[in-house]
Amino acid sequence: MPKPQMPPAHPFDTSHLRDLGHDDKLHEECGIFGVVGVADAASFVALGLHALQHRGQEAGGIVTHDPEQGFNSARRFGYVRDNFTSKSVMETLPGPLAIGHVRYSTAGSKGQTAIRDVQPFFGEFAMGGAAIAHNGNITNANALRRELIERGSIFQSSSDSECIIHLMARSLQRTIPERMEDALRRVEGAFSVVAMTRTKLIGVRDPMGVRPLVLGQIGDGWVLSSETCALDIIGAEFIREIKPGEMVVITDKGVESHFPFRPRPSKFCIFEHVYFSRPDSILGGRSVYETREGIGRELAKESPVEADLVCPVPDSGTPAAIGFSLESGIPYAMGIIRNQYMGRTFIEPTEQIRNMGVRLKLNVNRALIRGKRVVLVDDSVVRGTTSRKIKEMILDAGAREVHFRIASPPTAWPCFYGVDTPEREKLLAATMSEDEMTRHLAVDSLKFISLDGLYRAVGEASGRDAGCPQYCDACFSGEYPVTPADMVEKGFQVKSAAE
Amino acid sequence: MPKPQMPPAHPFDTSHLRDLGHDDKLHEECGIFGVVGVADAASFVALGLHALQHRGQEAGGIVTHDPEQGFNSARRFGYVRDNFTSKSVMETLPGPLAIGHVRYSTAGSKGQTAIRDVQPFFGEFAMGGAAIAHNGNITNANALRRELIERGSIFQSSSDSECIIHLMARSLQRTIPERMEDALRRVEGAFSVVAMTRTKLIGVRDPMGVRPLVLGQIGDGWVLSSETCALDIIGAEFIREIKPGEMVVITDKGVESHFPFRPRPSKFCIFEHVYFSRPDSILGGRSVYETREGIGRELAKESPVEADLVCPVPDSGTPAAIGFSLESGIPYAMGIIRNQYMGRTFIEPTEQIRNMGVRLKLNVNRALIRGKRVVLVDDSVVRGTTSRKIKEMILDAGAREVHFRIASPPTAWPCFYGVDTPEREKLLAATMSEDEMTRHLAVDSLKFISLDGLYRAVGEASGRDAGCPQYCDACFSGEYPVTPADMVEKGFQVKSAAE
Amino acid sequence: MPKPQMPPAHPFDTSHLRDLGHDDKLHEECGIFGVVGVADAASFVALGLHALQHRGQEAGGIVTHDPEQGFNSARRFGYVRDNFTSKSVMETLPGPLAIGHVRYSTAGSKGQTAIRDVQPFFGEFAMGGAAIAHNGNITNANALRRELIERGSIFQSSSDSECIIHLMARSLQRTIPERMEDALRRVEGAFSVVAMTRTKLIGVRDPMGVRPLVLGQIGDGWVLSSETCALDIIGAEFIREIKPGEMVVITDKGVESHFPFRPRPSKFCIFEHVYFSRPDSILGGRSVYETREGIGRELAKESPVEADLVCPVPDSGTPAAIGFSLESGIPYAMGIIRNQYMGRTFIEPTEQIRNMGVRLKLNVNRALIRGKRVVLVDDSVVRGTTSRKIKEMILDAGAREVHFRIASPPTAWPCFYGVDTPEREKLLAATMSEDEMTRHLAVDSLKFISLDGLYRAVGEASGRDAGCPQYCDACFSGEYPVTPADMVEKGFQVKSAAE
Amino acid sequence: MPKPQMPPAHPFDTSHLRDLGHDDKLHEECGIFGVVGVADAASFVALGLHALQHRGQEAGGIVTHDPEQGFNSARRFGYVRDNFTSKSVMETLPGPLAIGHVRYSTAGSKGQTAIRDVQPFFGEFAMGGAAIAHNGNITNANALRRELIERGSIFQSSSDSECIIHLMARSLQRTIPERMEDALRRVEGAFSVVAMTRTKLIGVRDPMGVRPLVLGQIGDGWVLSSETCALDIIGAEFIREIKPGEMVVITDKGVESHFPFRPRPSKFCIFEHVYFSRPDSILGGRSVYETREGIGRELAKESPVEADLVCPVPDSGTPAAIGFSLESGIPYAMGIIRNQYMGRTFIEPTEQIRNMGVRLKLNVNRALIRGKRVVLVDDSVVRGTTSRKIKEMILDAGAREVHFRIASPPTAWPCFYGVDTPEREKLLAATMSEDEMTRHLAVDSLKFISLDGLYRAVGEASGRDAGCPQYCDACFSGEYPVTPADMVEKGFQVKSAAE
């Protein structure tokens, strides 16, 4: 069996770009948004994607349908605000029905993305066209791809999501929603999908509901979005979350709900609470901000410390730092200032600029920090590279003590459900205990919130149900709710699959 | 049956571009080139495509294969010289085997091309990848496309050529050359194809040999090209034309020749002699320039005229004008000067500039023309719009008489074999006799070469064989050697198919 | 006397760009930075300008001198990170001596900037070349310009700063530093200048020291910068502030200090403390962050209120909100979330997107705010447009009460010393009392810090010295320390000049 | 005295561009055009500059004046058709009065041009603004520049033409036309100038009339242009040539003529007839095409040869080749075909592409040339590099004999009057006799037209007046009508100045 040979295209040669001072974080790989029943749907989608930009900054795409002008699409590299706001582009996207997608940049780490990898994907079937946009990851994509190629399908992208379109094309079912059900039943992994035909807006969450998807209403129109913050920007009302395993088919007659999959225990991604979702989004009835503040409070209870100041590592550590301060009574202060003009990438930087690293992005408030005992609150430690540099900057500014408090448990396992994680060996917590990490980072103390503490903070009063955890927490526990088949085939050792 | 719904993508919004002063010509839609057995094959392909740029100016693409780096590709809008000469691009195209394609711009007339329509196309099959580039037109593409979609193929482009890849993907045969034979047997119309696998360069001409394809040799390497002028630029030796219905499979062991199709009478496109091919290319053992000079001589014999000057309509009328001058003894002169800085398109031109039309491109040599009787030699009359404006410019400059001599018969029928022609109603000769055209253009005389005269000039001493014409001359005669099935389905009335 | 006729150039047509959701703030117009005595000085300047980007985002420029390659320069529109980090640009800027400038965008409000308006300016004098970069505003620039044109100077920009170069060119003095003294003695207004000759780095502050300028040291090299945060990014040590009226001339022999101007009472811009400077910069020995926190505390003392939450208007209200919370005991929370992917401008936005305004940038944390009494802390109220929209968003999210607390006194007068302010009529506080503003904004309460309170917070324990204020506070008090001559000529009514 | 230190700006880094296959020619450095008294004057100027593009391809600029909107300008790198045709640009250039300039690219040979070097130049004087555009070269520019800097002028460009604006700024005269006279009296060298104030269009030719300038009329408006071909494109009527030493001042009252300079013998550039001007322009009452055909006839008389074909080196050798054929009776043929898609520059080409050189641009019509004795007619031999390569291509294609006939005398001296020439050492004819050149190029024969023959062909029946040549022919004779002062100061040895 020859290995896949898809030639990388180079529509934009980005090899001269370098990520510098980029945060050492896990990253959500996609945001999705769809709307039906409004005039100029594409403008709403553009605004929604702008509000979801934190879920993917590399590229975005919109597909629309207009009764007279049929399907239209645009796919671009770069920010929504730069690509999908001008009249000249938006006029090419007419109609009352549209879906869109933003995508995380993996440039530099995993090679280059071609414009043909940018979603939504479109397929023309015998009964008409359909477009789909996908947030998540198909864990048996390689096997599906091989099978489809054997049968004569031609893949045009390197995206796992393209499998869905080919499965739909070959389905024996007669309508597009039925074909989508048929296709998604063959798919393993985590997925939230928005799709559209000429007349329908469709939303689906995988049976475990790993990735988010919410339903909103605006006038007579309906909206699907990864997060509620994108409903706010267009003034839509938040109706409810799409349920795990639910498919909604929205037409001008309203919202139909189906549950086409075998029921599974719910496993929503707990990291959405910790970091991925925007603090002004609502998850489980509470603002993500409040949950994070609660994590900070929980952390202060679990791992108190004598100190003069609580400072967040900006910006993601801020709500937990506020919570830690409120609980502990230690004053909250902005000890580290983020340069808001820092972009993600630099064009072939000079040696000198490359060496600056995190200093391009963060600066210590030296006059404030000098002589103080400082609690630094961050959301997570991934590779630990940034944590180490921040500690050095803080000490260099004259802090007396540095105590790290981390608003998540040790990240010891990679995610295979739509999050960009380093290989396991590069995760600091995969190779070191908390004590070893404390010595490695050379800080006065380093404490992570416990897994139970995190569950309490997200609203599970009695903590984690070890028998059947209420969330997907594989990145902390190594317990993967779905076996990552493609990765296992490549040799990845799963600790234990909950399946 | 819903009509095809492929959404046009808009990677480059070209709606603000306008064709001004563009020549009123038929246009070849593609040039193809491939090379195997040389270091840095992509550079040779780039040079070859640069020499074939007259066959397609809108976009170009190159696919290469390298034993270590596998398949690579680049596809760009614009000229070869701007896209495929820089180190940064060419370094992404390593290896000793490459094929390429240039494509004619139909922007403005037929809508926009997306980058995914730019060839070569690539397909990953169970036994490995292959890329193909196609010059010609598949006359049953719509029917094939419907059939393939019914079976679950997903089309990514609006190109008829994509059918070939999908047919190959579904073929029951075991090797790529066999699958290509299998696929091409389902295809009707005119095609010259270059294709490549990881180890083979493949060339095919359709059974009638409508479009050109030649074989060349450079050192130990082999070359396939639409025309011989592209062999010259890389210093390759012209070996022979690929025969109608022939498939050549070239490996490091040499050139294998097959004839997989049912034999058909040869029908090479006679317009290649008149206009499409470059004058320095060799067709049938003679330079195209000499053939065109011969057409001019023939025209002078058929339709002599008393005059002071013979002037070409630049640049395509030049060789025939020289021939007319040599035969008639009337001095040859450059009565019309072409502005060599004229591009094809303007960005949203102002009203004033739009009104300039052909004056942006051509200027009459007023001092030379004044008071003279002028013979204007042009290669063809399509819509007649430019001819009319040129006549006005010539008279406005003070010419005493204007006589048009046209180096082809009246173009009265559209081409369906890979040439961009207006709809039949827009062809001047479809609606007017020679006398009516003379009055319409308001010139002192207008004469076209006869069909027999043209055949004599291209080397058929006894003229056209009415029973079985030696060339495809459907654009003049309306006798289509292959029924254009898709067009007939849409309601096109074929005068008579020779099939 | 004809009015000035300099034709606006349009190297970049920006008429299709629109400011949307842009904050209703005063804006510092420039940041300056210079370094001497280090290898590759331009990279240091680039980093310094990146840290000063908040002082000007429209454009930046760098001039360098190298003993072998002489003077070189680059000027670009856009962010430092995009323009001055690539090798290809930085290699054109060699040498151990460099100065740079970032400039605030006035596009949209005041017309377009041409690249020739981008500093540093360069002049070639009989004794050699010099470059200068200027932060501030010359209040007699129009008069100087007229005078210089009468004498035959040709202005190339519309910048007031170009006067300095022309005055230097015409000076009778023999060295460049002497000519600069000579020139600056003719100049009225506020200015901090960094300049360079082939061997010298020069820094000057106007006699009142309105705009900041600090001295730093890095290895054997010296640095001049608008703020200390730009010393931090390159790892330079903060030595001291340049004194009002001081000129420093730095060569490889060290720093020479002069006081070429008639002494004046010091009038540092108090708004640097309130908003312009970065919170991690040090002014008067304290971090700007601490001063702002102090303003918030002072405000809580002056204008207490019963409430559930203290929320900043992000990001500039944050330190004062923290101070308000610490003083009042009301919990601090992020009730408004800023979209960090919001740029300043949109390319010809559609109507729908234009109408979004501030929602593109800010979103209320609805779940958090609902039913709460909220104190909103902002740094200033300029036109009041954004304040009004924010209030609406907060109420729309279900807040029970909204109390505005403003960390500066009412901004009732325009600045003529290098800050972009609206015309007086557009300043809300110029036309309304505090009560009227409260009704206009329709909030439950609105309180500004008092002028005395502000002076206390910046360290003047006994408040403002009404006889001779310790700072320039003209934007609040209307007491202009230098008569803005050009504006008075145009009809501006000064309340009272302190001169 | 330090040497000039103007820092090169790098708004467009062009160091990665390479001239390949570029013709080995002398190049005119500028084209100028102006119009007054028509609506939307800028569109006319754009069209005129498009027709003059052969006189300068690097950059272009337009300045306009509108009674309400004052002066406006745009300056761009690249072709007129790409920069000055879109509505968005042209709308920024309103008004009934406009001038423009195109400039030859010296990129690669002489370093980079900054946008500030692109004309027209604008100056604001006490009595109002003025813009000027200049074709030619000021031979005492260095001395003038030094003098002006000593007096306090600040130069912004490296262009010699900027001296004129500074001289005007310092003139004691009261009106702009008087100041222009005053300034131009200090200027030595060759110049044709178009200039404009708010109400006047001004044209000037230097006292010897070295560079061309013509007057045309369109409706009630007036036009100034380098050549008549640019009158044709806008439909203007050619009135007359501006006389050597004449200044015309055109207002709505008509054309006033002055002769402000000391009279000098006329010395029009004879190379305008040979190569620079477009063949459809009229010089001295005859089309340039006819003159060049006449040169070919003269050359056939002076240096006949037995041969089978006369072929031009395209495109500049074409008219002379036609003349040679008509006179000699040897058939004219296109033996060399030019690739019309060849641009001037390549972006960092690969080694392989760089090596292609002239083959990228020219191809021999192999089938036509084989076994023939060929006369190749070219307009000039400068370095001889291209001639040598063409000869090799012709022989390689199987020609039996190659005879070069050159339509100008040997180019043995550089031009200092506005033409881009190599240094004297690089001119083939400066170091070799005709026989040596014949051997060097290894051709069967090489003949240049005689100086007398050239004079006869341009209409001087009795040939060249050795005592006082009727034309400037310094590039052939070394007799410079004006001593090139700046070059002499740098050490250039003038053979003999005719002054």
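Per-chain numbering from 1; labels A, B, C and D assigned in written order.
The rule is simple: a residue touches a chain if its C-beta (ideal position, glycine included) is under 8 Å from a C-beta of that chain, and two chains touch if they have at least 3 such contacts.
Model, not experiment: these values are computed from the prediction.
Using the mean of the Cα atoms as each chain's centre, the chain most removed from chain C is B.
One simple way to say how far apart two chains are is to compare their mean CA positions; for chain A and chain B this gives 49 Å. In this assembly, the C-alpha centroid of chain A lies 61 Å from the C-alpha centroid of chain D.
Averaged Cα coordinates give chain B a centre that lies 37 Å from the centre of chain D. Residue numbers of chain B whose C-beta contacts span two or more other chains: 16, 88.
Arrangement of the chains shown, judged by which pairs touch: one closed cycle in which each chain has exactly two touching partners.
Under the contact rule defined at the top, the touching pairs of chains are A-B, A-C, B-D, C-D. Note for the complex: chain A touches chain C at residues 16, 40, 43-44, 46-47, 50-51, 53-54, 57, 79-82, 85-88, 90, 229, 232-233, 235, 278-280, 282, 285-287, 289-290, 293, 315, 318-319, 322, 326, 331-334, 337, 339-343, 346-350, 352-353, 356, 359-360, 363-368. Interface of chain C with chain D (complex): residues 1-2, 4-11, 13, 15-16, 63, 70-76, 88-89, 92, 115-116, 122-129, 131, 149-156, 165-166, 169-170, 198.
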